[in-house]
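Listed after this line are the structures, all set down as structure tokens.
In the two complexes that follow, chain A is the common piece, with chain B as its partner first and chain C second.
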Partner chain A sequence: MPEYTGYEGRSLEFLKSNNIVVGDSVKILSDLTYSGIIMPRYEHSDNMHIVLKLNSGYNVGLEIEKIKKVEKNEITRKIIEKKGKIEPTQGLPKILLLSTGGTIASKIDYRTGAVTPILTADELNASVPELAKIANIDAQVLFSEYSENIMPEHWLAVAKKINEFEKSDYSGIIIAHGTDTMHYTSSFLSFSLAGFPIPIVLVGSQRSSDRASSDAALNLIGATKFITTSNPKGVYVVMHLDESDNTIACHLGTRVRKNHTSKRGAFQTIGGSPAFIIAENQIQENFSGDYFKIKEYQPKIKLDTKVALVKYHPGYDPNLLNQIVEMGYRGIIFEGTGLGHIGKTMYESVKKAKGKGIFLGMTSQCIDGRVRMTVYESGRDLLNLGIIPLENMIPEVALVKAMWVIGNYHDSEEIKKIMLQNVASELSD
Partner chain B sequence: MPEYTGYEGRSLEFLKSNNIVVGDSVKILSDLTYSGIIMPRYEHSDNMHIVLKLNSGYNVGLEIEKIKKVEKNEITRKIIEKKGKIEPTQGLPKILLLSTGGTIASKIDYRTGAVTPILTADELNASVPELAKIANIDAQVLFSEYSENIMPEHWLAVAKKINEFEKSDYSGIIIAHGTDTMHYTSSFLSFSLAGFPIPIVLVGSQRSSDRASSDAALNLIGATKFITTSNPKGVYVVMHLDESDNTIACHLGTRVRKNHTSKRGAFQTIGGSPAFIIAENQIQENFSGDYFKIKEYQPKIKLDTKVALVKYHPGYDPNLLNQIVEMGYRGIIFEGTGLGHIGKTMYESVKKAKGKGIFLGMTSQCIDGRVRMTVYESGRDLLNLGIIPLENMIPEVALVKAMWVIGNYHDSEEIKKIMLQNVASELSD
Partner chain C sequence: MSEFSINDVGIKVGLEIHQQLATNKKLFCGCTPIETEEYSIKFQRKLRAAKSELGEYDPAALFEKSKSKSILYFANPESSCLVEQDEEPPHELDVDAKRISLIIASALKSKIFSEIYPMRKTVVDGSNTTGFQRTMLISQGGYLEVDGSKIGIQSICLEEDAAKILGDEGSVRKFGLERLGVPLVEIATEPFEANPKHIKKIALALGRILRSTKKVKRGLGSIRQDVNVSIKDGGGVVIEVKGVQQLEQLEKVVEYEAKRQHGLLKISKKLQGIEWSHNKNEDRKITTEQFKKCKSKIIQNAIKKNQEIVTIVFKNMRGMFGYSPYEGIRLGKEVAELIRFFGLGGVFHSDELPNYGIELNDIENLKEFLKIKNNAAFLILAVPFEMIDIIVDQIISRIYHIRNDGIPIDTRLATQDGETKFLRPRPGAARMYPETDIPPIIISKNELELAQKNIPKSWDESIKELQSIYEINLQLAEQIFDSKYIELFENIIKNTNVNPTFVASILCSTITNLERSGLDSSLLKNDEIRKTFEILEQKKIAKESIEIIFKNIMAGKSDNVEDAMNKMSIETVDETDLEKIIQKIVDENEQLVKNQKERSIGPLMGIAMKELRGKVSGETVNKLLLKNIQKKL
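Entry: the complex of A and B
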């Protein structure tokens, strides 16, 4: 039966009149000449476009009105399954793909220009036929949330799900995740699953899978290649290195940050190069050593959300800090200025917090570099007030770590000790 | 009378026995060979070092014990004044140097390793003899604070002082400032003094003036050259471009951020190149057009500190936002995720804030890139709740701008209008 998934009205008519179906390899002349495979479409699309997967791996939406000519390559017709019923190939490594939502599992609504999360993990898998050549991928949907709506309870759910596969025959686990808070999730998994025996790779995309410039396919392919080739323990974030179409960066999950709102190469390793660079046929290794500094796998899948991130700035009202203290918070991570400072006006409130036994950690809003609180008088004052300098831990990572530490340990000396202990490469040289 | 300022005990003995005084040009053999001028020392120093200003402009502290040989260049002896009594040179442009404190006006205590703020503006001027060849510099101390202790009331004091010189014969004004919050101060001056007729240049240093690797002298020289050569209206931050000793970057005061805790090239222009690059004998211009989008100089030196910066993260407790609302805040700048998002859990509190007439602006914790709240459902929800997307304004700049706008305008429509209006290049393409 001819396959026209998602095509209706004008676009269906267009396919039929040109005698092409989903999965056909075609050459299309429009503003440029495009070569690729006709892709299925999904609800939320208009009828004015057809979707073509280019040979580069990107999908492009082509407006029917502007198409001057369609040529079909009869021989190279490929099969694209509707429901991800891809048959496993014997001998290939097995990978588990968990989908949590986000742009990578989303499609653009051409009518409104907005993006909605509707792809299932199976559809995601099926939409990138290259994956089946590298690994046998089992796909599961965990939930379908944009990452701005991912909460600590979602982190727990992901960690518990992964923990079920401690003793599986998977070579690694890929988590499709929204990019907004992907680095928060990668941090929590790093701490709670420290020592996990197979790589955990978070992958997202900055442009939805059916947009011309989508980075979803290449990021997924990069993650799959990384797992099947390198296979080191750890939690990684795999995304485009930059605007180029052929280089994928693999970042340590506790040293990475989303540093651009829209670029495909939005993620950067702070204070260094990405751990691995995945190009067409090779993987460059910039990171050696163990990601996990804790060797034994002893999952600690708990957390305490009563940790506040206080970004200091001139005019910061110490009463805001007083409120946090009175609301029963158990940890405060300061995003201080420079080497790790907050103004003198904060000292009284800091004393109150300390008096209540709240853990107080210092990071820097500079993001890059190390806090060092012995250089200036003010830093030494803060040390005397009991604020712990957290070396070069990224503020967001320090926040997640404090939630995790305080959720799993209760003695204040132990909390301090674990906060300063390198658990999952969150501290670097 | 021989000049030995600051040298005592062993170090004084060393100078006398080698027949050298402050201001002498010498060649010293230690671990390496150093050529430069013997500099005065100040209190808080030990007696084991002499300070040499290298030909590169940097000061180096040399341990007496390790010095193998000292040679004096009799002829090129230079005069270094003790109290900055530098005679003006006819025909040179005039610059006003205002000191507010910070590392640039500090010296390291060799015994403790800590830095304390003790240089006056005059001493600062005198410690960089090169300045007198470029401009006649008048120096004034405004206050002496590390920049983590600079508060909005200090911003007001600086702005009011500068405003006094609207009709002066100065070619520009240099403000020596701590680096931690220099970009907050440059933002406030940009808005409150929009249209000011001569350049205002903030300059700091990451290493104190008497440290080997101090960047103070070169940054000051760079600022002076910039004013005497380019002289465009605006507020700028002048610091090392990178670790190189000969390139100084001049950043737009509303597009700059301290992005490293300790590097000399810690400041970066967000989303672009520095406006000007000052090399040995030339200035490269990357910025054309007017810094101030408001042409008429009409100072508005008021502010309202009741503006909060809310950095959203997974697990952010909406009750914290409720507290801000209840504390009578008049503006909230969100540092959302990605394109400008906060989780659904925040919506009810946002509604409360909106109901109280609080100005709500959205920026991104990605720092680089533009917020765009029409791409995803969640962004559109937030737009419907009345949050205003602040384009590519840097979060810290948006905070300062909101303090300034709310301090000077009272109608909520006007506040919104000015927040979105490009006043001082805070919005860029």
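Entry: the complex of A and C
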């Protein structure tokens, strides 16, 4: 930890002139006498206070102006984390745990006072001692990013990393990931690593691991149990089924979506039950069949980010669509209304896009259900304009799939064919 | 055994008062705390100990975790939301709660911090869905004057109340969420030297300062006091005793706790003279086989439940477990409390055996089997196999601690009969973690000035004021002020012309008397009380009817005044009807009136009131009777 984390201006000067740093044990004479440890300061705070952790454990801000004297104690207790290390047990299956960040690996960040993903995969593993009884877990950190900062290049990095373990003695791979964009990543891995021989399981948490009520531990345990007992090929998202700490849901990575901002049971399989339900020592199977439609592993770890997801709404300005076309985009996925519609005002712009050879796909902002563009006249108009209905593919999944398809294929007919072909259970009956 | 004298041990006491605030909202969400027994939401959780900011585990949290209970929560959507379920981050700090806590801190002349950090205080017994209590240190320092002497204030915190425990079922603990998150102000005093009587007075004075703000909840459970007890030779050990419900209990608890601490020091001294250490491999053995034929019911039940009977041998310790420096203080009892804490019943020590169905030959067999020497002591306990080491380690470390360091640092619980029992190890600074979901709270100069301006009058001043405004006597003023009806009282007087002394005595004595007879005052809502006095003012009922109405409502027979009046056939009689009734009674008893003259009013009153009770006041009936009697003569 830097010696003056978060301190600026007057408060920084104050620490320096008194020859104290963060972590020093001090006695401060102000309106009363306060004893404690100097703590880091958050970046968005003023520079009139210093933060002290009192011996009672409470943190308080003391006004510099009122401080009469600072005495440094001889014995200083530096803030050093004790780290746990887990020894492997012979005979247990091996699992690789890759950490990408997210709430699951988060604890307090002294820069802002909020949480930040800084736990290492090892710490995460050590914080759930039950895991060591089920499997021997090797942990690696890929990066420490929140969901919103995970970009397509991160997807590529994760896929390339996993690809290295095509032939390994691991029973499965767990990826700790932020929850907000977890289903984008699970979709990309599903397409780019189609046929991968061992299960890939994304795990996140809605409450950070630094709190006693965190859902992280149980989600990790659930993922580990799933890998060691069921072991089917595929890409899955493993999270709480609901608000209770007894049942874990395992969703297909291309049929899942985060449908609540904060609940533990935020993830739902769209249009069906979770593929597997893990309760205590039982696994209930709701999904039979193959996740990947090809048998052999055929990695295609490429993508083209020039694909836009357009959510149509009343009053949508067609010029926005024209802009996308002019920016050289190669694919547009519409999130249309109801059965898959966009208004008449859009037709001219759609024609323009089609004329440029851009792939145009239709999904529905209803999220659940199938697009059906032959029922109403506007749907038929849109079909004539060349928009391809994408069945019941979830809009975000369609976006990722289009990036992947366009990144790997160039012929427009082939792009259309593969967009409609079930690659990794993204289309369901 | 020696006689314990509280004056010899140099007792120091600190008080911690927890007072619910009357904001009618939770501290971090807008839910209204309503008591309920209907729960439409139910969910199950497990809590895990998490590391503190300094990378350590809190001892109390680890200890609680070793009990590994699963928790079932029950919620009602009216009194809790996703925040209480820990399914949504906290909303902003409630401004009313903040304002009231600043007023209280100002009233106690405490130094308020200008930057306040909400913290998470680890509590993994399940009483908080998050596994922590949100708490913030508002101020430190200040004092309270009681009988001319100053009692120092250590700290004032604003925090969330915990969930209400509904009961245990096997390894499942049940909680209701309606109380979780209710704002509490915690005031801790500096330790002071005082006799137990004086302590009660100080607690009362603190409670009165809080009530003076008129912003705190009243009634059962809305104020709780913990007491910290230490003795002169205790080596600085302060024992926190929780759950003292009534002030009457306080005296006894303090005395018992001082006795226990002093007794432990004597036990410690004696232990130091004994050569003993515990060898993990030799001194603890599973002896279930040896007790298969034992006649003790406790042992047999335990074996039926698949528990193991474990014997721990203590070399050279014979007599130590039964040694009682003061009445009721023994090492054996300290161990038994610890075992009970884990939800286990059976522990016997060699100094009390043979007894409880364990016979001499059981003991002889055991001694022979384990080759226990005559000067050794042993403990026999029933434990599930997987918990043997956890529990035996706890026992051994407690005995080591008593020998080497004296009084173990516990958090203890007050019992109904004024003793204390082990609750959990005392949590340390490691239990505190910054609440990352809420930014620091800034207290502006304006807020401080406003709080200063709103400091309530002292209790004495408030009482004097009540007396002079309402012309009520001192006793009634004190009673009404300490009761939960003070605001209702002022409201009724403002809006009606009913005599204040009468209103106060109904609110203080009538309702209290009905309560003592076993009726429930919580069924009698303030609105109904207010309505009753309005009806009285309109002369629709007589003063005597009030008790009848309240009794009916408090017995759960009616839920409002009109209903109670109907059920008890209380109706009003208009003046002409009344005149007719009285005249009729006098006419029918003409002979009596002629014979007894004015004295006939006695028997005639009886006849009249039979018909008119609750409808017309006795005073009016009396006047009218007299008038009619005099007419006849």
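We take it that the second predicted complex is superposed on the first by the 339 of 429 C-alpha atoms of A that agree within 3 Å, B and C clash if a C-alpha of one lies under 4 Å from a C-alpha of the other, contacts with A are read in each partner's own complex, and residues count from 1 in each chain.
One rule holds for everything that comes next: contacts are C-beta pairs under 8 Å (C-beta built on N, C-alpha and C of every residue); 3 or more make two chains touch, one makes a residue touch a chain.
Just so you know, these numbers come straight off a predicted model, no measurement behind them.
When the two structures are aligned on the shared chain, A:K53 is found in touch with chain C, with no touch to chain B. Shared-chain residue A:I406: touches no atom of chain B or chain C.
Between chain B and chain C, B touches the greater number of residues of chain A. Touch criterion met: A:E243 reaches chain C, while chain B stays clear of it.
Touch criterion met: A:L320 reaches chain B, while chain C stays clear of it.
Residue contacts after overlaying the shared chain place A:N259 against chain B, while chain C stays out of touching range. Look at A:L218: by the touch rule set out above, it reaches chain C but stays clear of chain B. Of the two partner chains, neither chain B nor chain C is touched by A:I175.
Shared contact residues of chain A, touching chain B in one structure and chain C in the other: 113-115, 261-263.
For chain A in complex with chain C, the residues that touch the partner chain are 31-32, 34, 42, 44-45, 49, 51, 53-63, 77, 79-82, 108-109, 113-115, 127, 207-214, 217-218, 242-246, 261-264. Chain C contributes residues 43-51, 53-56, 61, 70, 82, 85-89, 111, 113-117, 119-122, 124, 129-132, 135-137, 140-141, 155, 157, 428-434, 436-437, 439-440 to its touches with chain A in the complex. Interface of chain B with chain A (complex): residues 113-116, 146-152, 154-155, 179-181, 184-185, 258-263, 266, 305, 307-309, 311-315, 317, 319-320, 323-324, 327, 335-345, 364-372, 374-378, 380, 396, 399, 403.
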